[in-house]
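Take a look at the following structure, please.
First chain written, first letter: the chains are A, B, C and D, and each begins at residue 1.
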Amino acid sequence: MTANTAFLLAVGLPVAASPVIYLIGRIAERKNPKIDLARWLALLILLADGYFLFIAGSEFLTTHHELLVSIGAVSLRLDGIALLLAIAVLALGTLVTMFSGPAIARDSGRETYFALLTAMIGTMIGLGAADDLFNLWVWFECMALCSYVLVAFHRNEAAALEAGVKYLVQSALGTVLVLLAIGLVFTNTGSLDLDEIRVAAQPSGLMLAAGALFIIGFGVKSALVPLHTWLPDAHSQAPSGISAMLSGVVIEAGLVAMLRALGALHLVTVSWGALLLGFAAVNMLVGNLMALRQTQVKRLLAYSSLSHMGYILLGVGAGAVIGSEYSAAGGFFHILTHAMMKGLAFLAAGALLYCLHQANDNHNPLVVDDLNGASRKYPLTAFAFSVAVLGLGGLPPLAGFMSKWQIFVGGFQTGNAWIIALVVFAGLNSVLSLGYYAPLVNRLYRRQPAEIVEQGKPMPVLMTVTMVILSLGVVVLGFWPSLADWLTGPAAQSLLMLFGG
Amino acid sequence: MAELLILLTIGLPWLGALFCWAAGDRHPRLQHGLAVAFSLAAGIAALLLIPFGKDQVLITLSVGGAFGNFTFSPDGLGVFLAAVATVIGSLAVIFSVDYMRSEDQLGRYYAFVLFFIGAMVGLVLTTNLLLMFAFWEITALTSYALISFHNDDLKAVAGGIKALIITQFGGLGLLIGALVLFANTGSYDILTIIANPGILPAGALAWMAFGCLAAGAAKSAQFPFQTWLPDAMEAPTPVSALIHAATMVNAGVYLLARFFPAFEGVPGWREAVMAVGMLSALLAAVMAIFATDLKRVLAYSTVSQLGYMVYAVGAGGIFAAQFHLLSHSVFKALLFLGAGAVIHSVGTRDMRQMGGLGKNMPFVRLVFVIGALALAGLPVLNGFWSKELILEAGLAHGNPLWMLFVMLVVSGLTAFYSFRMVWLVFYGQPRAELHAHDAGPAMKVALAPLAIGTLTTWLLAGSFSRLLSESLPAHQIAAHSTGEILLEVLTAPITLIALLVIALGLVCWWQRDRLAGVKRALTGLQITATNSFGFEAVNRAVVLGAQNSAEKLRSTQTGVLGWNVAYLVIALIGVLAILLLGVGLP
Amino acid sequence: MTISIPTAVLIIVLGLVGIGIYALLTTRHLIKVIVALQLLVKGAMLALVLAGHLTGQDDLGQSLAITVIIADTIVAVIGMALAVQVRRVVGTLDLRSLTSLRR
Amino acid sequence: MVHGLIAAVTLVCAIQAVRATRLLVSALWLAGASALVALEMYLLGAPEIAVIELSVGAGLVTVLFVFAINLTGEENLDARRMIPRPLAWTMLFIAGALLLIFILPGINQPATGQVYGAFREIFWEDRQLDTLLQIIMILAGVLGVLGLLSDQKTGQIAPYEEHGA
């Protein structure tokens, strides 16, 4: 199999397989609902996809030539950013699929869930690889459509529906703005191919407007403050596996889409990166303050995603403005580590939500008081949750410390006073964030378990396994951060090419 | 050989932490055993490492990129502190066998204690500033986890968070220092910058110097960050002895001493360091005089004694600072563990309820008095020699004499509160119905070596000065024999003055009833001091400010779709306006 | 005064988008929200067709617009399904009662 | 002139669709706006898309609206707005003005791109990836409707099983 074929399969397999998963799952559901065939099928597809991605990725990494596959006039390109996003999406997606088996075992519509989850994973891989402005939008829209349905999966709960409505409306509005921007770019350059646009896009008011519309349009999905208002609702109401996906990779995929679009306009102005840095500052502060007094666990984690998006923007923005490779690599490293840590945090919170509430047929949200003394009954889950939130708080020896460090180092290396000030501000925010992460850990290790913990159901094995795998990843990357260099380095170079080369 | 010993000293406690956690809380005896075994083994490894104390990098793990090389080097400063951390660490663990006997969740307790010991060793042995910062943060994490060990107690939780946030806030200074170093030199190597500070531009060096001062002050609970240490006393007492008296709080002093050759040329840095040390010593001593909680008195005295060390570093007396660090680690660990034995026995920390406990706890009284005398600085205990050396360093050319005067006054105050504490706890009439019993066997095993150490560690002065002198060329520490050092102290006029001041402090305590008038006159000071000179109010204001602004900001999440869309339009307007004003139309 | 063709279409585009956003800002009825989204997307679609027309690539503009039509119809379908379910579960389509998720 | 007229009527339809108090009326005005947009597309030289817009945008979507309105019922809501009207107008005016400042100077100097082929080729060959991805969109739509509207009620959730993995 050639690398190009493998790449095409890696992009196409999950997308093509999702209707099959639905159909077979549907039939199996009628025949014997116990087997839950859709889940295993989805897992199989994702593992196979990992194999194809491995072939394509290793070809790219060994030859340093981007893979380019053309389908008609539209092409897909595997560069550093695409590979990084694909690996993050696929790895987290596979674990979430494993986790979701028990988590939604009792809901109806499981085959819908797994089919759409697989499709969403596939569309995100495609989104990372899109090399055509309009095609980028199509992938983006497909991803969004899948996620609307998944967010409102608990269709009999008013809050989930409300979150779904808000998510849908705000996302759709963002989509429209992106389309307008595409229209402007198309008018001005006469092309949709990102490479051709890169050459043709010259400074003009029209293109500035297009860039602004891209930032706002894609910014809705990547949760730039103040476009973030849908996020705490959707992330807290979605099934926990989907929360992990949304927070861990979907908002980052939105960012990648934005970077691709803005990168094509890099000749228009150097201010794109500076704007991202501005959003970085606001995101960090607002996210942390909003989380500080939050009492619902999943909502708290959702707000913390805002501040982590701020760190990522800091790295990526400094890479775009100054061309600092360490910054960019740090930003992408943080995308990876955040996917792991936030994924783990949501899965752990989801596991507790499942055992303490859902398994007892109660639909209340998980509040911080429910965590009291959870380590008594769920030692591994409590440990995993602690690893996740302490990592998010940037404490060593966990992965979050190292990725933040890389972002900070890159910022200082630019020698730019504004960026250095922003790094110090980010450090302050990191300290502030401990004000809400640390008490969560405290609660988990209280001696006197909350009443609800004592009535909790046992933890399903598959959930524990996924959490252990992710915890190991967070710890290992914390001890040996350069393990991710092979992935973040090429991604950073791709970003610098986008904005400078 | 030395490479292996370094890895063992860091790795054994961490391995032990894993085992203790994995052993499970159903097997407390196994956990006690594992913890003692691993901490003792680490202590032995650290002691064996001392002869290898040289200035040379022994372990290099090439991580590359933004992370530099992870390097470790056993120089004099490093091996000495590693030995202190592991030896006192293992004594604290042994003490815990009795102290924590009836406690729950021992796995978490021992895992964090051992995790701390390993991290502390790593902190002092590494020569990579990134790694140093990482270990720095791990010690903060473990300190936090252990302060909040009694998670159901709101005070313990609050104290833990406070310590974590304040030390992390100061830690930003070290972060800035490390980033400045890497941005300018492309490496995190500490030895290079110490040997040749000129490789950094003057401005960058100043940022690094004052950043490290902030970090050191926060870690060592110095002015203006001192408020976290008294609240950290909610931790189990062996933890207070180990982390909040003998080791972690020394990391700040270590940092300043380590970088002294690099920073001493930065204008104003030495003066700032001395001022920080002096203010901390003075304020904390005054607070200790009025405090009524036994552990808090010890905490204040720790801040005060650390102030002496910081002052000494600023004054250029690196050897004096490190020597006092050694003495203080030993006698303060002794005092804390002694206090732990008392608290474990009577179940309260309030000195007003104690009194006359000496009759039932003769052993604890004996060792506690030894420690207190060392704290007061009476000859011939170890605290005497090292404190005199610090005062002498204050006399060095160019140091402001008024600061030295303040430090002399503080030594009088120290004597005063040391005697007050001993008296209130062990002597006089019992003030409450307390059933005291003497220390358990494991406690005695831990206390005895510390008491002996308090009586004898000053004999190490000569070899200690040789160790530092040989392995730290940039610090320019002269090697002297023990005899020379002792003679120097004894013949110095300042020693006599200091002894007079200490005696004055003693007399004041003895004649306290006659000084009732003075006491009344000082009521205002007492009120200010028990309110921590307003620092607590500042802390509270900051916390309240953050929480209020958070609460206000939360109302922006209206949950109304229309407003959500409005924010989007506003953001669009904002971005367009920025582009219009910032970039302009081409 | 004659209006050039691009200007006229641009007026439609911006008008539709403006009216759509205005409706999103002010309306209280969920179905009307979906109507507003439809208006918005029609504007965007017309913008693409206009772009194709202006650059002489009418057919490319058209084929993009088809994809947009499908996408926005699906959005409308999912939106309506949500609305129907909201009506069942919450009992009303008033957006004022869909404000439980706040702070 | 024709274009100006179409523009005016389209916007009137749109405004009416937003203002109408009855949902059915609103949907019909929307259909009208859709038809006029289709007409405008036709005049711009896009006949194929005009047909599709007319059948899907004006036809199918309206039918869907009627279905949905039937299912949910008309609901009379009082006139209170989500956010004050003057504020909405001000924001929109500023945003629109800013956009126009940026766009207007450039809109009349379009680039001329390379013409690749006829509509059929472009749609089915050049842009077949977009076309293929519509399948995923439709899948999401179908599954969304099926998932959201299936009849099962909360009470029918499967019973809890130990180790449901």
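By definition in this document, contacts are C-beta pairs under 8 Å (C-beta built on N, C-alpha and C of every residue); 3 or more make two chains touch, one makes a residue touch a chain.
All of these numbers come straight from a predicted model, not from anything done at the bench.
Student: Find the chain most remote from subunit C, comparing centres computed as mean CA coordinates.
Tutor: Ranked by distance of C-alpha centres from subunit C, the top chain is B.
Student: Select the chain whose centre, defined as the mean of its C-alpha atoms, is least distant from the mean of all protein C-alpha atoms.
Tutor: Per-chain C-alpha centroids compared to the overall one single out A.
Student: Between A-B and B-C, name the chain pair that shares the greater number of C-beta pairs in contact.
Tutor: Of A-B and B-C, more C-beta pairs in contact link A-B.
Student: With chain centres defined as C-alpha means, what is the inter-centre distance between subunit A and subunit B in Å?
Tutor: Distance between chain centres, rounded to whole Å: 41 Å.
Student: Just curious, how far off is subunit D from subunit B if you go by their C-alpha centres, in Å?
Tutor: Subunit B and subunit D have C-alpha centres separated by 65 Å.
Student: As a quick test, compute the distance in whole Å between the mean CA positions of subunit A and subunit C.
Tutor: 27
Student: Where does subunit C touch two or more other chains at once, residue-wise?
Tutor: 20-21, 24-27, 33, 45, 50-52, 54-57, 60-61, 64, 67, 71, 74, 78, 82-83, 85, 95-96, 98-101, 103 - these are the residues of subunit C that touch more than one other chain.
Student: Which subunit A residues reach two or more other chains?
Tutor: 134, 138, 141, 145, 148-149, 152, 155-156, 165-166, 169, 173, 184, 187, 190, 204-205, 208-209, 212, 232-233
Student: Touching two or more other chains, which residues of subunit B qualify?
Tutor: Residues 554, 557, 559-563, 565-566, 569-570, 572, 576, 579, 585 of subunit B touch two or more partner chains.
Student: How would one label the connectivity among the chains shown: line, ring, star, complete, or other?
Tutor: Its topology is that of a complete graph.
Student: Can you check the complex and tell me which residues of subunit C touch subunit A?
Tutor: It is residues 13, 17, 20-21, 24, 30, 33, 37, 40-41, 43-45, 47-48, 50-52, 54-57, 60-61, 64, 67-68, 71-72, 74-75, 78-79, 82-83, 85-86, 89-90, 98-101, 103 of subunit C that touch subunit A.
Student: So in the complex, which bits of subunit D are touching subunit C?
Tutor: Checking each residue of subunit D against subunit C gives 1, 3-4, 6-7, 10-11, 14-15, 17-18, 23, 26-27, 30, 33-34, 37, 40-41, 44-46, 48-49, 52-53, 56-57, 60-61, 64-65, 67-69, 71-73, 75, 77, 80-83, 85, 88-89, 91-92, 96, 99-100, 103, 107-108, 110-119, 122-123, 126-127, 130-131, 133-134, 137-138, 140-141, 144-145, 148-149.
Student: Inside the complex, what are the residues of subunit D that reach subunit B?
Tutor: Residue positions touching the partner: 81-83, 87-88, 91-92, 94-95, 98-99, 101-102, 105.
Student: Once bound in the complex, which stretches of subunit A touch subunit B?
Tutor: Residues 165-166, 169-170, 173-174, 177, 203-205, 208-209, 211-213, 215-216, 219-220, 224, 226-227, 229-230, 232-233, 269, 271, 274-275, 278, 286, 289-290, 292-293, 326, 329-330, 390, 395-397, 401-402, 405-406, 408-413, 415, 423-424, 427-428, 430-432, 434-435, 438-439, 441-443, 445-448, 480-482, 485, 489.
Student: Spell out the residues on subunit A that touch subunit C in their complex, using ranges where they run on.
Tutor: Residues 134, 138, 141, 145, 148-149, 152, 155-159, 161-166, 168-169, 172-173, 175-176, 179-180, 182-184, 186-187, 190, 192, 232-233, 236-237, 294.
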